[in-house]
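There are two complexes below, and they share chain A, which is joined by chain B in the first and by chain C in the second.
Moving on, here comes the complex of A and B:
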């Protein structure tokens, strides 16, 4: 019985949003309001997440647990960024360069490490699985994709090489279509289950 | 018949005698000391378990003592065996009940024995077999006529015995110390097994050898604690089927010499069983708990002990086959990788690129750009993270350079926390912040909400009185197109789904990272996307076709070098892994 109001609200909003695709001109006011509420709630959720993060690191710092030094660094940097962002704003070139030159470099480095790790993981495939059709196919596909990205085989269509390169370039799209179809069908089913109240991701089942 | 043997001269005395009738040595005092020591000994032979600290040798010793009780207390051939005063026949059934003193391990063993009938292990099974053999030996040795047993001993020891047993028996009867070493060899062994003349015959016993199961038992027992005693007793045990107390096995056996056997004719008569105190004072030990241990419990205790010993056993450490020069190889590879890419970046001249055939998605995008009016209003959506900023900037530059011209108006929104900074950096890099009028729509936390809100921007045909009027027009009606910059498939898919359903007439063009392009290609094929460009490779083709000379053409060599190095590493790694698999034999090639 306690779940009934939540079910009613969620189903009503879902049906309203769905109706907005068909009666956009009539429901645009309501839909804008609903979306604004959603964005507001998402922003509050972000603030709550920030609060939990700060509380977690503060607790570690107060209890002097292992890694408290890093918590201290995290809190100091967080406070510095917050204060600088509020006072200097993103219009300030100093603040903009400061954040960008740190954030972009760190994230790009992590991505590069991920790429190298994936490459070595693919090499271990041979050690762990041996020369199976799947492992061989995976490695050959990776090599071909990399070679094609080098700009090799940029020939006019109609030639044998051009058709072969076009085939190899189309090959990933074939898999992508299958994945997209699966995701679309899965999303449709989940949406219907939510609208019918059979699936309640907003609360306990 | 029975009496006290004088420890000084060996003469036989009546039980009630206080002093030796031959030499006058006191008997009572020593008898009392013996009684005291006997009182300190456990009545149950299995109580050696406690003395031996629950170890395997102690258990085996207790096992042997249990079987030794019968021939010692009940002499064959109807001969009487008189135990010393105060010494009662050992009978485990008469042990006082002391359940509260049972050790914890014994209680667990009993519980397990009740739960699992076959909980005994390999060691225990061997012990059971050994016990059976021991019983057989005892049964064969305990003939009705003891002389036949003597004959059996002689036959087994025939290689060493050169004289008839009868003569040897006579010599032994007159005194073992008077006979030659050869004559009294087997008798000395018997005496030794009874605890006498250990020192005299020690070397002789060490020279003996045997291969019976009991020898294995003794070797197993003494091998764990007393390796030096391994060769002291095997033949004795084999021939006489009785136990020789191992030297140093426990404290009591160090100081007590047990019994004396005298041969009369062909018969071995145990005339007296006397415990004689050793010269050294006995070491006082705490009273061992009186425990009634059954055979199965003992066997399980053996199994437990063997398991513990196996766990503590030293095992060979598997050495890593890691090559010592791995760090050098890694260093070289790293230097080559970084050095090659950095070196290629020094070539600042634009690469001369051949004009490749233009994909249809590129052609459509170029067509859309060319058809844009001079005062077009465009929406730019930044939906990528800082990690992809460099790639996205390279891909977006040639497109935005064509799109952004003075007189056009740009609306910018971003769905990633870093979007504002990233968008400003990119637009300032191509000079868009100077040339065009930009409208900052701000940060929107969720792509789905933002895309949906953009799609429903149409003004309401009627207003619900109780609800506030939507005062903000999120998306102008007259946008000539939307350019989405995204690094992931998911972020771009949301925009495609929403906008293609809510405002299918607005062209949507995608500028994507290399990882998102293949997954979104079907949307272009279906017509939901007007044009798209993904990855540095396609951006390079686009730029070459447009005759541009941007950063993409300068960094193309470094990009090619990096890709080439990665291909080389993968091929080398495959070959190396293949050879390792062949060497190790772990995986069949």
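Moving on, here comes the complex of A and C:
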């Protein structure tokens, strides 16, 4: 019962934002105020989240857990980035080059690890899932897509083979759209459940 | 009729159906709870991890508000209470990680709320660990890989918004002898996890999770509304395709 005011406020704000899409002219001032508050709150929450990041690595360092050395490096780099960002600003070319050159190369190395892991996972697919229609279908469609993307079977449209290849190329898009439509409906229902106050993850169901 | 109007019509119908079924399920309980082997397996893995004193990890993805998949971050938060039983919370082996500061803050608030309902923070300090190993998808990956409990991995659940990098998280958990469950991710994330995660929910089945394992009338109303909307959509697509074929559209 003590959560009732919070529920009323959140539902009222949610419904106002929703109504704002229908009655833009009438609710534009209220909407912009709510959106500004939302951005402010999200910014503060993000800042607190960064505090958790520092706290997490600081705790590991204090407890001298395994990998604490990496936490020390993370904290030092975090502090350096923060101070440099505040003093030089994010528009400074030196600062931007420094951050991008480090970040891009680190991310590229993780991407390389992912590519190798993906290859091994593909080889293990049948062992993981067995000879099921789904796993066999997945393997066959992946192989066909790979072959088609190599440019094999590229013929002029209008011929039977050309239409067949175009059909095979369209199939993944069709499947992806089906999955996305299902996810969109699911996301809509989750949003409405929370917006209408039916589902309350913060307790007192 | 514009596409925007059609969109709002769908939202309106969904809201009305949801409210109607919610009221209907107060007195009637006729919609069957769907069985999912993956969710059963997750429950077994969670209990097994608590019994064996192994760690349990919950990854809430790296975005609360993703434009491409807007519901996934919220969905991850909606699923969190399902992992916060009293036994599970007091045991202390559960850690919740995310790559988004907002998600971590909200997850921490939810976890503390559930903890305080059963225990006093002054008497028992264990609770749930919430952490932000890194603020971007790849730094989250690096953080998760470096902090993954060696040889003590019990159960790992992947929820929310994530991409193909989730393969590395799952591989680390499986390599340490743990079980992995996934209900979330982008299309790329879901397809790479299909390769090595057995307990996986794909597409609209991802959104079955908040109601599982103990479905209440809100979950039942949600599932029935989803099914009705899906039926409308299928009929609409088939009719649209036929009209296109005969040249009306």
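A few points about this structure:
Criterion: the second predicted complex is superposed on the first by the 183 of 205 C-alpha atoms of A that agree within 3 Å, B and C clash if a C-alpha of one lies under 4 Å from a C-alpha of the other, contacts with A are read in each partner's own complex, and residues count from 1 in each chain.
As a convention for this text, contacts are C-beta pairs under 8 Å (C-beta built on N, C-alpha and C of every residue); 3 or more make two chains touch, one makes a residue touch a chain.
Note that the structure is a prediction, hence the values are computed from the model and not measured.
Contacts of A:164 after superposition on the shared chain: neither chain B nor chain C is touched. Of the two partner chains, both chain B and chain C are touched by A:180.
When the two complexes are overlaid on their common chain A, residue A:188 makes contact with chain C while staying clear of chain B. In the superposition on chain A, contact of A:76 is made with neither chain B nor chain C. By the touch criterion defined above, A:96 reaches chain B but does not reach chain C. Once the two complexes are laid over each other on the shared chain, residue contacts for A:126 go to chain B alone; chain C is not touched.
When both complexes are overlaid on chain A, the residue A:62 reaches neither chain B nor chain C. Overlap of the chain B and chain C interfaces on chain A: residues 21, 42, 46, 103, 106-107, 110-111, 122, 124, 128-129, 176, 179-180.
Here chain C touches chain A in the complex through residues 8, 10-11, 14-15, 18-19, 22, 69-72, 74-75, 77-78, 80-81, 100-106, 108-110, 113-114, 117, 130-136, 138, 141-142, 146-147, 150, 164-165, 167-168, 171, 187, 190, 192, 194-198, 202-207, 210, 216, 218, 221-222, 225-226, 229-230, 233, going by the rule given at the top.
Taken in their complex, chain A has these residues touching chain B: 17, 20-21, 24-33, 35-36, 38-39, 42-43, 46, 90, 96, 99-100, 103-104, 106-108, 110-111, 119-120, 122-124, 126-131, 139, 142-143, 146-151, 154-157, 162, 172-173, 176-177, 179-180.
Residues 18, 21-22, 42, 45-50, 52-53, 56, 60, 66-67, 70, 103, 106-107, 110-111, 113-114, 117-118, 121-122, 124-125, 128-129, 138, 176, 178-194, 196, 198-199, 201-203, 205 of chain A are the ones touching chain C in the complex.
By the touch criterion given at the top, residues 353-354, 356-357, 385-390, 418, 420-422, 424-425, 444-446, 449-450, 452-453, 455-464, 467-470, 472, 474, 501-502, 514, 518-522, 525, 535-537, 540-541, 560, 563-564, 566-567, 569-571, 573-574, 577-578, 580-581, 586-589 of chain B touch chain A in their complex.
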